[in-house]
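Read through the structure below, which is laid out as structure tokens, and then see the notes.
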Amino acid sequence: MPEIFYWEAIRDALREEMLRDERVFVMGEDVAIYGGAYGATRGLYEEFGEERVKDTPISEAAIIGAAAGAAMCGLRPVAEIMYIDFITLGMDQLVNIVAKNRYMFGGKTTVPMVIRTQGGAGRGIAAHHSQSLETWFVHLPGVLIATPATPYDAKGLLKTAIRDDNPVLFIEHKMLYRTTGEVPEGDYALPLGQAKVTRPGSDVTVVSYSRMANRSLEAAEVVAAEGIDAEVIDLRSLRPLDIESVLESVKKTGHLVLVSEGYKNANALCEVAFRVNEFGFDYLDGPMLRVCAADVPVPMSPVLEEAAVPSVESIAGGIRQALAD
Amino acid sequence: MPEIFYWEAIRDALREEMLRDERVFVMGEDVAIYGGAYGATRGLYEEFGEERVKDTPISEAAIIGAAAGAAMCGLRPVAEIMYIDFITLGMDQLVNIVAKNRYMFGGKTTVPMVIRTQGGAGRGIAAHHSQSLETWFVHLPGVLIATPATPYDAKGLLKTAIRDDNPVLFIEHKMLYRTTGEVPEGDYALPLGQAKVTRPGSDVTVVSYSRMANRSLEAAEVVAAEGIDAEVIDLRSLRPLDIESVLESVKKTGHLVLVSEGYKNANALCEVAFRVNEFGFDYLDGPMLRVCAADVPVPMSPVLEEAAVPSVESIAGGIRQALAD
Amino acid sequence: MAPKILARNDKLRLLKQMLQIRAFEDKVFELLARDLLKGASHAYVGEEAIAVGACAAIGLEDYITSTHRGHGHCLARGADLKLMMAELCGKATGYCRGRGGSMHIADVKAGNLGATGIVGSNIPVATGAGLALQMKKKKSVCLCFFGDGAANTGAFHESLNLAGLWKLPVVYICENNLYGMSVSVERALAVKNVADRASAYNMPGKIVDGMKVLEVYEAVSEAVERARRGEGPTLLECKAYRFRGHSRGDSRKYRTREEEEHWRARDPIEQFKKHLLEEGALTEEEFSALEKEVGEETSAAERFALQESPDPSPDDLYDDVYVDYEQGNTRLRRKS
Amino acid sequence: MAPKILARNDKLRLLKQMLQIRAFEDKVFELLARDLLKGASHAYVGEEAIAVGACAAIGLEDYITSTHRGHGHCLARGADLKLMMAELCGKATGYCRGRGGSMHIADVKAGNLGATGIVGSNIPVATGAGLALQMKKKKSVCLCFFGDGAANTGAFHESLNLAGLWKLPVVYICENNLYGMSVSVERALAVKNVADRASAYNMPGKIVDGMKVLEVYEAVSEAVERARRGEGPTLLECKAYRFRGHSRGDSRKYRTREEEEHWRARDPIEQFKKHLLEEGALTEEEFSALEKEVGEETSAAERFALQESPDPSPDDLYDDVYVDYEQGNTRLRRKS
């Protein structure tokens, strides 16, 4: 299988879906001529023209709201919000229109749209460009949420997101665009809500998503050298949430470590913890443990930034502690 | 002690703080002539004039952002966002400016402001006027969060919020404005971060806040008749969070029920659950249980609305189940 | 291109719609007072000419977006009084199966993209509808209703800029009823007229007498034709007045009784009736008959809503949050 | 009231500031290329006349708000090059103790309310600063810098409406450098000029040659005087050009090399230098000496940042999220 970049996987998914379905189009800031801040729409403008690849003004609320209106009128917009930090500017449209219109209107309309955005730290670009805000949307009925960690997942999940009749928040990670992975040529779609066991293990379950799923895997290798056999699960989507896979694993291991780049306090993975408490109380041999971003605005200084989000070492530390508790 | 309405308690706190400190002022939609959508600023305009009680255009982002600017320049604004559902429109200002400026600027500035808003269901006014969105802000470092359930707490906590040098999100509940309670005359302030045991008990701990704290108390009386002795804790503020009081109680009871009017999925009280798991794992005699709002946009129909948020009966059911598990 | 001259029948239809809106809302407020209807209802009474005149200018393939004060838009767009009343009463038979209530009525298939409880929040949606119509190369348009208060929201600005830039087929119709809740336009809008803002978005702006249904009809028709020709959006400001308070329980202390009287004397229904009488298109008897007919329809709607319609079942609470997925207790699953 | 005529010394100070900005940023890009500096840096090169001309028009009691392209504002407001460079390098000695970096420099006590990474997001903050000044009955003002792209954000609209309505002492200074990242003004703004929007907020609007520092100084001085007199805000649009790409890694394929050449020929420093030479306020020797001085200051700043400044300690990570509270492992507590 050919190895391609994460950004290419996204670009390919967009391109193939635009070829497949003429209702699909792309809009957002700098998505056309520039090809997207992280290059994920490169070449689309040249191929499809400004009819279907639309640069917009800096107007996040209008981008999300107009995508919603267009979706209700039969198109399938893929709107890009350049950084998830900016989604705050279109929050009302996302929360009160996109997520609610179908239900609020009695199930008689659909809002089939994708919001592509990206989050995460790692570039030293500080508090307004480094957040991981997915938790808010896990706490919001009405949108599905994909968080791919690999090129393979990115392509397959984005195709599903575009084809799904529900609004989907598709959250990429800025530090993954230039990572590579094997991706089969041609069409495939991956279901939302199916976690992937990326490393089978028997001592402790590590649950994560997005970039931290990869770091968790690295951490598992670190502790493997110490004789700890960790099972690593990449959730891949936060709604639907594949809690069964987690429960099955915890049943086997008795220990759970949750890893997220979101702020620690009230992190979305607390939901995973709560359900494990609910449905797997007796599986647990000790407290569940979490390794999350510090509850501080992400600082610019590389030293502080590194300390603010989970590292391979802090995840490994979490795994050790979970077994020590 | 005189009994006054919740709205009066808020009005009195505002009035007394405005008399005490001339830097304090009120701004928001319909806060002046109208006296606030729920009447909590009634009389202030007449007493203090439009200099210090300012009706604004319908511009939530500007309200929050201007309050932040004014706060950084030495005033102490109390900005009202009429419904927490509308805070989505000022989300960027709240999240990226209000909550972050101090830290991001190296601790060299303060943003001493209060955002008063209200949430909750109960009036049949549907999905855009009935949400309980506090969870998002629990998952946001930089703001303190008060959620008073009684007139006494409302007055005492609002005074503290206004005097605090941090930004405080002060979340009232629309169904509480016309409830009454004893409030001492004159000045008093209550610390943020101190939960209140509103009913001591020995069988199970019920943790809640805002209107649901009152409902939890009612539910405790219901199950008391069946011989279940529930301890009820009103958190009163969600940041700081008084986890010690919860732990102390669970140590005694061995069972925990969490009650929130926010959406169930990834509800802020999962944070309480997580910490109990972390620091009180051995206290628990069974799974923690939660009674939250359904994961649906709040429907208008009274029948559905009632089904969508915790009721005395569903809380009582939760308490019973926690002991049965 | 001049707007189509309305035939007598058309005019009588407009009159009837205005009467329907008023009768419907009088009934709504009666039911609110009797506690048979819950929630908040924002009355359109006094502003009937705007929705009715505007919707007369569009066809079945066109869209509208509405507001929190949406009964008029709905009815003028051809909604069924029964389904509307049922919706306001939160019944399973209502437009939104009782989930939306007054502030969230929609009928997307019939071209009504819905009301909203968030002031200004449908302006981006209407803009997106315009985008869809443009991309599909339809000659259709979207009418976007909003209030004077909404003209100060960020959503207004971002949307009108986008529409002006992309020449989208949207007609932005500001219903300036002089107040946003209690705050008068002078205390909220930095300029005198909302229409003065059109030039900031490279679109024509026009002030219209919102108490005159034919003036509204003509202005909207012209803007619609412009949009259909691909020349882009228009901002129309219809000056009007809401006769009732903002919502129930509003003591209206922000405005004088004199001001109210002044505007009541310009009642859009009375004016239109007089006009029709004068041009011989209507007799007093016909008017009474129309009133009676509308009254009966309203009563039938009330009956339908309160006596013939079931409440939604709590068992259906979780239905339709998502398409093709079902929410179980522990997990949201794709239906197979 | 005409703006104060600048003395020779003042003019040389302006020239020096412009040179400082340029040298500072050249150094920043050098350090970025050598990987000694992390993060994103948006260069102000080409636009120096705006910040320098504008900040010359205000005093110590006044405020500014800045943007993501903020080095110029900072330096013109009197920032210390060393502390700035340290901040960009994420050092403990920087303005924000290394937490802010390029996009978040602030010095509130010295009247700089800060930069921001969110386009448009300081426009409400500046408006609130104006409100505070008005309420405190100060004669001070706030200068609010933002880009052409920011003029299409909701925050712009809501803020300018509020300022126009309340006559706040704010001067809104749009730095129109023809692009918002890759999107040209023609492809983003529905009207020709941002200043055309002033009338929508009941304030004067004026287009200024942003490549001429004295023109900027005069226009801002006039607007400042107006604000100090209590007559309210002004919207100034300074037309300029950023000589570099939007940020590092921008291949600038959205604009032509000819266009770049055209603007480079209008270099604000060259123009001002020429002007001063012509009026005899400056000699070539003095200019060289100035350049040398600035070069040395820049090197000193580099040295300070890279050699004399420690990184922040990870132990301080949790400091100062809140005033008077400390974050422990399990609980945020009020310090006693």
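For this structure, a couple of remarks:
So that you can tell them apart, the chains are marked A, B, C and D in the order they are listed, and the count of residues begins at 1 in each.
We take it that a residue touches a chain if its C-beta (ideal position, glycine included) is under 8 Å from a C-beta of that chain, and two chains touch if they have at least 3 such contacts.
The shown structure was predicted, so the numbers you read here are calculated from the model rather than taken from an experiment.
Most remote chain with respect to chain B, judged by CA-atom centres, is D. Between the chain pairs B-C and A-C, more C-beta pairs are in contact across A-C.
Computed from the mean C-alpha positions, the centre of chain A lies at a distance of 35 Å from the centre of chain D. Averaged C-alpha coordinates put the centre of chain A at 39 Å from the centre of chain C. For the pair chain A and chain B, the distance between C-alpha centroids works out to 30 Å.
Shared interface positions of chain A, defined as residues touching 2 or more other chains, are 56-57, 59, 61, 85-86, 88-89, 92, 96, 103-104, 126-128, 141-142, 239, 278-279, 295-297, 299.
Among the residues of chain D, those touching two or more other chains are numbered 96, 98-100, 104, 116-118, 152-155, 158, 161-162, 165, 187-189, 321.
Contacts from chain A toward chain D in the complex involve residues 29-30, 33-34, 37, 55-61, 85-86, 88-89, 123-129, 294-297, 299-304, 306-308.
Residues 85-86, 88-89, 91-92, 94-96, 99-100, 103-104, 126-128, 135-136, 138-142, 239, 262-263, 265-268, 270-271, 273-274, 277-279, 281, 284, 286-290, 295-297, 299, 325 of chain A touch chain B in their complex. The touching residues of chain D, when paired with chain A in their complex, are 38-40, 90-91, 96, 98-104, 116-120, 149-150, 152-155, 180-183, 187-189, 250, 253-254, 311-314, 316-318, 321, 327. Those residues of chain A lying in contact with chain C across their complex are 25, 51, 56-57, 59, 61-62, 64-75, 77, 92-93, 96-97, 101-110, 112, 141-142, 144, 164-166, 191-193, 239-244, 275, 278-279.
Residues 152-158, 160-165, 187-191, 196-197, 199-203 of chain D touch chain C in their complex.
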